[in-house]
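One chain, chain A, appears in both complexes that follow, with chain B as partner in the first and chain C in the second.
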Partner chain A sequence: MTDPDLLVIGGGPAGIAAAVRAADAGASVMLVEMRPALGGAFHRRPIEGVEPWPIGREGERRWARLDEGLVRTGIVPRLRTAFLGLDGAGAALLEDRVAGRVEACHPRAIILATGALESVRPRPGWHRPGVVTAGGLQVMMKETGRIPEGRILLAGSGPLLIALAGQLTARGRPPVAVVEAADPFTEMVAGLGLLAHPRHLAEAAVHLGRLALARVPWRRATVLEAITPKGDAFEVRLRDRRGRRTTLEVDHVALHDGIRPNDHGLPAANETPGAGPIVVSAGDGREVLGVVAAEIDGERAADRALALIDGRPEATRDHLRRLARERHAQAVLARVFAPARPLDPLETLPDDTVLCRCEGRTVGDLKVLFTGADTPAGREIKLTGRFAMGLCQGRFCAHWVAEASARLGPDAPAPRPRDLTGDRWPARPVPIAALAAVPDAPKR
Partner chain B sequence: MVIVGAGIVGVSTAYFLKRAGVSVRLVEARAPAAAATGAADGAVSVASKRPGPMMATATAGIRLYRELTAEGVLDGLFFTRSTFLVAVDDAEAEVLATHAAALAASGVSVERLTNERLRALAPSLSADVRAAAEVREEGHAIGYEIVRRLIARAGLAVERGVRVDALVADPRTGRVTGLDTGAGRIEAEAVVIAAGGGSADLLGLSGVLRARRGQLLVTERAPALNAGLPGAIMSARYLLSKASAPGAAPAASARGYGLVIDPLRTGQFLVGGTRENDAARPDTDAEAVAHILRDALRLVPGLASVRLLRTFAGLRTAVVDGLPLVGAVPGRAGLHVATGFEGDGICLGPLMGRSIARLLLGEDPGVDLAPFDPARFREGRAAA
Partner chain C sequence: MTASTFLFRGAAVPFRPGETIAAALTAAGLRTFGLDPAGRETRYFCGIGACQACLVRVDGVLVEACLTPARADGRVEPAEDRHDRS
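Entry: the complex of A and B
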């Protein structure tokens, strides 16, 4: 394998835009994507033999442009190839999941365009098999075209819930209800802010219109408190704005509490030439600004990386102006979806609520660590409490464990999720046979 | 009394002092078990020790673990099990035979295993293994768990984030009277340095202490494969890398590859490692990890489809002559040191902590500390 100038991680809009921009500027580029198809969270392409999911005319146009860029520059993405991180010797490790082999590669710069991670708040029963994330459900629909049989409930908070509900409805499978913890559009001022962003407003209007037509209840200022198995189905308990509790019986629960940058286990940014490869992050992996911003940010990141390795000029001003506009839109959305009531996980969760799904560690297990004279720090919480130590490497729980720990030990410095997850490779679990295939480095 | 460093050695010292009713302060630059103690395998083991003082002290170290467990102090944290020394070629088989004989000669319960017996005991092992010995009555304990337990049992409040910058001494007598720290000066009647890799700077022993990096790997759970290994598997090559076996040459490669495959109680495996001189940072690299894994696959082929979850590294603090540094620091009244345990500090930590505590209380330490006397590095004595 010849080492490229630039290694781009992630085949979403940010990664593709970065790769195309750098190739257009004459750099040699390698683009890797761990999933079987390009597209990322929004433009996720179906697996072979499945019809692409409709994403609207504007979305189709954006995708066509990205695709055309790849064709024009001749970049052949390496699919089913996962970036595992940078090792102590500065090598970028790539797991080729087709060949079952890990390779070490030495690019001059790396662009991390790994997108966003979905947040899901722990609640009693959230860890049960059959409870999925809204994003997971969406990926399944986009990749396979399939929607699971039975009654679906969407719950949590954020615009994705309505988007997914709208998509399900358009496919003739409206959800039983959408349960939203926030109370969007009660605050006029926040809502009016969206008028400045007609694209977002129009999208929301389309989805909400579909839900209204299909009479899907949008239960705002309501939280899903607990999920209990009932036969093959689930009974979910809801609490509304007045504290009234109701139950519903459903077959599937899809949870979602917003998205945040996916920097899980990945190397920190490095803009110092000579100190290992340059690392620049882009798109939702840097800052969650949405699909349009991701493309702009990919181009910005490519310019930045090339400026750092070759001193090429950057054309940043226009990029930054357009990003600022998307940032404003996201800020408005965040205000619209601000929680109706502050959510304190420890106040509302019983001690037997599972925090770490991989190892079954609970809220009570965490509280025990804070009972002595000595308040543990982040890494001790991880090691002695066995939080963030399972197969997901803390992807699901580190965030909440850090947040809850800050409340349990208010006098100690608040632990960061990174204190729990660490930032060592491998960023994802990797089969031993694949890793054993890394050859000894040539003597330098 | 002030103890510097909340690794297993400093925490054990504080624990035994508190138990004797002495009030102590435990100052720590980062957090408990932040250095070697939190990055170790937990072999509480004599199997790899060199014959002589280390073998004898390790045996006493295991005994103390057993006592503390019986008293309930380390309940649920220390587990007895065997270590299996294995060889895949002639050179390794020879080392194995010599070492097993040395262990037996110093009273350790060790038995050479026939191939049939080995297959029955350890079905996960490869047929390539041609010689094996079982070392009995060994144990396993996880450093950070021991530290956390001892802190809780003693009711210690570790002073985290307090780095000691220098010792304060009476200019006339040389007597140590306190410490300068990032959080100001601390007065002390007696000071114990148990600062691992930070000890050299505080004591002016940079020529005597050095860092030896070890890289370790942790897999996901693989219960069936794990059940097919009744104890830690230690390649005879590990003895070569550690230069434990009599007559063994120092580590053949700069990396000091050795191999221990440790079936953890969670169903996971801990696999290590390296013994690298002069590595500045505790990080891991794919070349070393791949090398370790290839060796591991040769012994336990079933690992091929198991996924690796984490890699991590620690810096062992080693003394140039291979023996720890434990006792009063010559010419510096009021100052004791306990460090330099290299790859054996989990096994020896509680025992050495108790020994230092006893010295400070004016009691007999209960083990022979003469070979570890810091005075051996006084100017004009042993060459550093």
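Entry: the complex of A and C
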């Protein structure tokens, strides 16, 4: 394997834009993607024989442009290849899952473009099989074209719920309801800020129009309190803005409480030449600004990386201006989708509510840690409490455990999610045999 | 054309070319994919290889079912088969 100038991790819009930009500037580029296909969350490609998911004409144009860039530059992505981490000598370890082996790669710079991760707030029953993330449901729909049989409920908060509901409706399978903790219609002043972002407004209008036509209830200022199995289905309990509770019976629950950078277990940024490979983050993995910003940020990151390794000029003023615009749009959306009422503090949920999904650790288990004389620190919460100790290494619980711990032990410094997750890699299973067989790659 | 299948716990599961193991098992009506090493039911959740809740063994190797394409005549087993062998 020839070591590239630039290794790009992640084949979504940020990674593809970065790879194409760098290759256009004359750098040698390796683009790796963990899945069997490029695309990322928005541009996710369908499997053979399945129609691409409708993403609007502008989205299709953007994908065509990214695809054309790959063809023009001759970049052949390495699919099903997972980035495991940087070893002590600064080598990037890549697991080739087709060949079943781990390779050491010595790029001069690395761009991390790993996209976003969904936040899902714990509530009773959220760990049950059959409860998925809204993004998880979307992955399956976009790749296979199939929507699971039965009644689907979307709940939580954020624009993705509306988008997914609109897409389900367009496919003739409207959800039973969309449960939204915010009340976007009362946030009129904040909402007016969206007038400056017609792309977002137009998209919302399309989805909301579809939901209205199909009479899908958009239950705003309402929270999903609990999910209880009922035979093969679920009984979900909702609480509206006046505190009134209702129940619904559904077959599938898709939860979503916003998105955050997928930066778990990744090396820290490094902009110091000579101190190992340059590491630059791009796209939603750096800052969640959405699919349009991801492309812009990918180009910015490529410029930055090449400036640091080769002293090439950065042409990023226009990029930064366009990113600022997307940042403003996201800030407006965050205000529009702020919870209508304060959400129940996690430590007030029933004691048997699971916080750590992997280890099955509950609210009650966490509270017990705070009954002793000393308030436990983040590391103790992990080591004695086993929170964030399981297979996902805290990706889905560290934020919540840190939040609840800060309230349970107000006398001590609040633990950071990072205290719970730690910086260990790899954060996914790797066959020991494959790892042991890594050849000592020649130094550049 | 006969559909391709892989074996999950010895039973043939059909899949379409390019489909992940998680998608095929879900289409076959399965909500859980057996137990994980901690003894918890594995299941599809995030779909992007982050939550590690859908781990299965493919020819003995532990992988995320949501990232791994199904392969004709492949053998897929639960991550941990000790506790629930019937």
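Things to note:
Here is the rule we use: the second predicted complex is superposed on the first by the 436 of 444 C-alpha atoms of A that agree within 3 Å, B and C clash if a C-alpha of one lies under 4 Å from a C-alpha of the other, contacts with A are read in each partner's own complex, and residues count from 1 in each chain.
Operating definition for what follows: a contact is a pair of C-beta atoms (placed from the backbone, for glycine too) under 8 Å apart; a residue touches a chain by one contact, two chains touch by 3 or more.
As the structure is a computational prediction, the values presented were derived from the model and not from experiment.
Applying the stated contact rule after C-alpha superposition, one finds that A:373 touches chain B and leaves chain C untouched. Applying the stated contact rule after C-alpha superposition, one finds that A:391 touches each of chain B and chain C.
Of the two partner chains placed around the shared chain by superposition, neither chain B nor chain C is touched by A:12.
In the superposed model, C is the one of chain B and chain C that contacts more residues of chain A.
In the superposition on chain A, A:89 contacts chain B only, with no contact to chain C. Once the two complexes are laid over each other on the shared chain, residue contacts for A:104 go to chain B alone; chain C is not touched.
Of the two partner chains placed around the shared chain by superposition, neither chain B nor chain C is touched by A:124. Judged by the touch definition given at the top, the superposed model places A:436 against chain B, while chain C stays out of reach. In the superposition on chain A, contact of A:415 is made with neither chain B nor chain C.
In the superposition on chain A, contact of A:159 is made with neither chain B nor chain C. Where the contact sets of chain A with chain B and with chain C meet, they give residues 391, 393, 429, 431.
The touching residues of chain A, when paired with chain B in their complex, are 87-89, 91, 93, 102, 104, 372-374, 376-377, 379-380, 383-384, 391, 393, 412, 422, 424-426, 429-433, 435-441.
Chain A meets chain C in the complex at residues 34-37, 41, 47-50, 80, 82, 97, 100, 115, 117-118, 129-133, 135-140, 143-144, 146, 148, 262, 264, 357-360, 390-393, 395-396, 428-429, 431. Considering their complex, residues 16-20, 22-23, 26-27, 31-32, 36-38, 40-41, 43-53, 55, 61-64, 66-69 of chain C touch chain A. Taken in their complex, chain B has these residues touching chain A: 31-34, 38, 144-145, 148, 151-152, 155-158, 160, 219-220, 281, 283-287, 289-291, 293-294, 296-297, 303-313.
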